[in-house]
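Please go over the structures that come below.
Look for chain A in each of the two complexes below; its partner is chain B in the first and chain C in the second.
This part shows the complex of A and B:
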């Protein structure tokens, strides 16, 4: 049995074996909360959830509740949702508008920029002692509004978000940019939140280009729930990538994506046989995007995970997921569903219905994912089971390192992305510095291969 | 789509003057209860195609997401709305039929092997009748449900909540024309919602 704290032994990237301990062990989980979740950039929400001054949305970072809030001046903040006095959760509403957060316990109040304002009986009880400034709500160290999506980190030494993204940026962009190629412009039309009994890494890894699990979605492919299903098309999506060269990319920061490159001709592929209005709209978006991005329009996103726990679906059903750790064997899934803010009504109506039937605990596709994650976690907790590592040997060495998209690029289904993810996870767990966490120097990368 | 939703909502609130609780009411209520017990049998006996037959072709089947809101904002903001944004379910007959077809493939692993499910229905009250209680062709009915699900070996979920239905009398008897399911949870405490409510 591998030594509990010897992460190099637990994660054998070279041999392609990863210990089950990292998916079930309580000590390793506690260490993750500290070493991964207080350092990495985490998805908190989206600016469209807090459009006006005083708007707030309660979110999570790791296991902890945070408040995403737009102050009176319009600036966005993220605070730990815990009073500085005795820790009471100062905001137990999901969303709203306020000028003050009033703690229910002893009524300290905080302004929307996090400052401690009201302290009952201040003059009698605290005069000359209590420093209000030093008792503001605890703020994240860094925050980034990236094309409307809000990210934060507790580590003041973390690199800026764009540096953190590295070459994964262009892929995340495809999820955040307008369908017609304009930058940004998305809005959240709803959020799913649910708890499932699996380690958070199962979900993160699922979106790291684990295209190999496709057979588990056979039922939904057999019946057909895509945008041309009523016209008799089987499958769960559209056919837009049918001629594309799929690419699976592992990035040194631990991110991984499955994207696709359309053929040079890059022609629109009819996808909305069930609705001529949508067909026209999406064709228009396709042509506009091609006009705006030229060659760049050939790159289309599929899925990806930004290290550690943010995943996206870049086309349909488009959205951002945060896999919040709850316990070694339990995760709270949040999915922010995205549309173009200025998409026509018919498109939004179609998309929201498609998202609901595809995604999350009530979604016909993802229900089967949850089944996999639960029983894979449950069957890995046993004393004997833990002695046998998971096999990660798929497509060993089948990638190039000189592709213009950067990273390790594979043109076949590969666990190279998962290997890269856990290699970086190991660096975090070993307390690596930011130089190492970003995957440099190249020397260390060679050694790990 | 949206107009249908609003029309149906309006309709549901029309003609809802308090119904006199007399013999006609109780006879009708007994019919409705029988209908619900039959419906529960079909679902729990996994006769899903037969269950679909109990739904009108224009059914709206809706389960909002329930949110934690400030006092006084419940009516406006507690539940996600039918016809907009994201809910747990905002379905028509086509998607409900797809869900049934999916279970019947035998490879929908979230329901393969099938869960053991029991639907309990109680607190049935008729809140509206159109055109009137004597010659009712459409009823607004509220009820409570308790759905017990046991899956594979140890997985167990208990779903409790309210249902607001509109039932319509057809040549084949009562059918469900509209169902709103209020599950008493905020963050869903189940990995999946593979059952019908």
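This part shows the complex of A and C:
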């Protein structure tokens, strides 16, 4: 079992080398489940997946199955999907509506607020012994409905979700808010789920802002799969960020984003050329957003990862991703595709088709990514391969720390974000306290006090 | 074996431990009924309580 100091050797962010062991080793993986996935805030789902009382959606936190459900009073809960009697899943469906969760094994039965309500032969077998209240479904320690996205942590000592996001909040907001600048107001119009043989960190790192891997999508770019592809536009998306100042930001909590700041003369760039209705709708959204947000409208999202395993695409396509670990070398990818709840039906249908063209196991772009993650994982499992660490020396020191957006801000493609992600991963693996996990150096709190 | 799917609201049942109860809701899952206790010899204070009752607890259908 790696000791505390071992992690500093495995992850050398100063030198820019990271051992392949952290992507393939079974023992390190088991420790990740305990030290990262039971403490960090994790994306569970979206409120639009459970709009009505009794609605449920089975999700995952780490390797474990959880139930996202709305009780009959309308309150949202997240429970471990495991009976308190012998551990059987009490819910074996992906989603639906119910008044009760009944364990198929011995029929212990729970209400949608998690309470143990029914126990067969309760009065004859458990009379005066079984405390039903104490045998409710195991609930997460903290839950946050943030602009419709549902996040949870098993750690009762974790900071609130907004504190956890830190300065990455404004970037995640861009993915969750309405296209016209109103806060929240999104809905999920579909979820892609697939399992791929790669370590979960390959996917999380890819979305931190690894713009350097663009050449792997060259073939797609030459064909053109963006919203205006039929009008002859090449690339994966349209040109709305072509005049922007791109920024790559590493945040102390381990999050990382690639966003863009539009020029002062922030004018609409046609982005849906082959559909006049969509073009009109998005032009209207652009002007409304500019009117609402003023200078703030110049900031646009591209991609990002909220530590540890939630990523987003902020514009084209727009959605949230969860990278659920299955094993050191296997991950289940989920993509939740977002649209404005009150968008015209035609816009939703158009975007749904674009999302499918772009993402998921049959999407043109994700196939490129997965080929890389799969072979990188497979090629890192060998005895000889493990002796050679990955190189993370790109753009060393090329960032500023006094930018108004916070964090380490770079204006060139950089692996500073990945170095920041793995620095924080190391803090989790070393059992750091929340002060350290949010980015303060070990011992600084005591020094300050 | 009693098929609880067929039991209607208002039916009186005899349950384990001498309990007599009236069905207030059939959960329609073939296992559970919501019942109100009418007689409860071991705990008279429980009369009036509404509880989930499992098919295995139903001894006899008294009336419909």
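Assume the second predicted complex is superposed on the first by the 435 of 449 C-alpha atoms of A that agree within 3 Å, B and C clash if a C-alpha of one lies under 4 Å from a C-alpha of the other, contacts with A are read in each partner's own complex, and residues count from 1 in each chain.
Simple rule for what comes next: a residue touches a chain if its C-beta (ideal position, glycine included) is under 8 Å from a C-beta of that chain, and two chains touch if they have at least 3 such contacts.
On a predicted model such as this, the values are computed, not experimentally measured, just so you know.
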**Asked** Once the shared chain is lined up, is A:88 touching chain B (first), chain C (second), both, or neither of them?
**Response** neither
**Request:** With the two complexes superposed on chain A, say which partner A:138 touches: chain B (first), chain C (second), both, or neither.
**Result:** neither
**Prompt:** Looking at the overlay, does A:195 come into contact with chain B only (first), chain C only (second), both, or neither?
**Reply:** first
**Message:** Going by the contact rule set out at the top, does A:109 touch chain B (first), chain C (second), both, or neither?
**Reply:** second
**Message:** Once chain A of both complexes is superposed, is A:121 in touch with chain B (first), chain C (second), both, or neither?
**Reply:** second
**Request:** Applying the touch criterion given at the start, work out whether A:96 contacts chain B, chain C, both or neither, answering first, second, both or neither.
**Result:** first
**Message:** For A:370 in the superposed arrangement: first (chain B), second (chain C), both or neither?
**Reply:** first
**Prompt:** Hey, is it chain B or chain C that touches more of chain A?
**Reply:** B
**Request:** Please identify the positions on chain A that touch both chain B and chain C, taking each partner from its own complex.
**Result:** none
**Request:** Enumerate the contact residues on chain B facing chain A in the complex.
**Result:** 1-2, 63, 65, 67-70, 73, 80, 84-91, 94-95, 98-99, 101-102, 105, 107-111, 152, 155, 186-194
**Message:** Help me check something: in the complex, which residues belonging to chain A touch chain C?
**Reply:** 99-100, 102, 107, 109, 117-124, 127
**Asked** Okay, in this complex, where on chain C does chain A touch?
**Response** 15-17, 19, 27, 29, 31-32, 42, 51-57
**Item:** Complex contact set, residues of chain A against chain B
**Value:** 92-96, 189-198, 216, 218-220, 222-225, 229-230, 332, 337, 349, 352-353, 355-357, 361-362, 364, 367-368, 370-372, 374-375
